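Naming follows writing order (A, B, C and D), and every chain is counted from residue 1.
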């Protein structure tokens, strides 16, 4: 059984709109990133939404929980904006059992030469293979349990609570 | 206790010599890569050698084994050329006990915009935190036990033996 | 006598603010770009402002005209946002005589791997050396006289009027 | 009438062979570079050869001279290895009349994130539009007459003779 990747948007997939001079979402870069990474993992990618995580509603989170429950795979990676990543992790911990779910994201868009996006993707896809069932956040090289993580918005870093 | 990273060279760290038009080794890119990746891991980096793995001698491997035994850390990542990575992994499995050691590398130099180097580094640093004692190779998103891996030189990919 | 480069901002020099997830101005990338380009030209770079050209006021344009008049150099390149580049060119044509002035810009920020910024910089610095006195816009490989150019905002391209 | 671009190889178009770990030639990157540069110039690209300029023979140079004579365009850019660029320029000056020919190249391959390749391409395409008939070398931001240029191999820079 392979790994399921759910795409929800976030900085990871933002692009530069050269006609309007602003950031926007188009398609996910996940397939391109996995190709450049020479990944040989058996993954299925599905885009659930393409939004800033600050705009993610309760209904959006219910959809993510439902998709994680409903899919056949027991190992799931979710790309997600960093601002409310911990909220979605909590919703998943309360709603999904018997699966290993790792959320990850980026501080810099992949289209802007993001180094953290590729590093985090490699990290999330590795932790999801190695860790027992549970919900985790893989950022900054660390893997945090869903109930022991907070984003330090001043530093743009994730930290454990205790 | 943090993670020890030993640098041995390989494609990972090759650079382009613009005066001579050829590839060469200068310094490792590991600190720069970890900075761009926004890694917050506690790592100590030490360069043991800067060579093509095809030129690695038995003495070189003995040095690597000795350094892995002697260091305080029990979690070690080694960047290494891909051609003889499996040989060094076997030497480590025979020579070092009670530690988790993950070897990784790249098919494209980091200085040439390598995507696999960053992805593999994120992968190796994650597997080394999550896996039990043993010697592994992290390439192409997979983590192989040292005695169940071979490089398919025609494809430039690592595969399990059985 | 060398070439004077005046920096006024524009897409050229925009950066990504990873804490706030938006674009902003910090310092100009011109020195770094010229270094990577292996330029051996004798240039003096001065930042006059760092703004979106849509926010450029009449006073800002008067400052640019004054600086072009006052400097010793007779060959001047100005980096500028594309939206009102033609307006500034017209102000310069009316206010400065006896100099070759070339305005250029970019559709994608240099920090985002912009290829057009480097290409346009090479183009502007070449036209400014080769052309007689006058005010020009160097974009998309072409060099337009200041009174025969318009930005096609739907295409993000500059075109001649006749 | 548009601009003719003749491709002869050189560092400009070198790629990294990830299976063999060495540099090689495949196809030219010129169309991709012009697209990313948002060039709107009317150009026709033709690959004459894909070689290191140190390996260029007298017959190769005769072919280049013949192609420059025979083509309809009077404005020609040639991408060329830097080591013998001045020799080919001299052959062209002796063999072709009534045309503006600009040779250019790069110190770093475009595929390795070369900044000088894009800058030099923008420069060469600009000088070829602006200069009178003659043979020139556009490198490092400068444009040298064919009989007043030498490559300083220790610095990797082009210099005028007097």
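To be clear about the criterion, contacts are C-beta pairs under 8 Å (C-beta built on N, C-alpha and C of every residue); 3 or more make two chains touch, one makes a residue touch a chain.
Every value quoted in this text rests on a predicted model; they were computed, and no experiment measured them.
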Label of the chain whose CA centroid is most distant from the centroid of chain D: A
Chain centre separation (chain C, chain D; CA means) in Å: 26
Rounded Å distance between chain B and chain D, as computed from the means of their C-alpha atoms: 39
Chain C: positions in contact with at least two other chains: 107, 156
Listing of all chain pairs that touch each other, if any do: A-B, A-C, B-D, C-D
Complex interface listing, chain A residues touching chain C: 11, 14, 16, 18-19, 21-23, 52, 107-109, 111-113, 153-154, 156
Contact set on chain A toward chain B in their complex: 33-34, 36-41, 107, 115-116, 118-127, 129-131, 138-143, 156-158
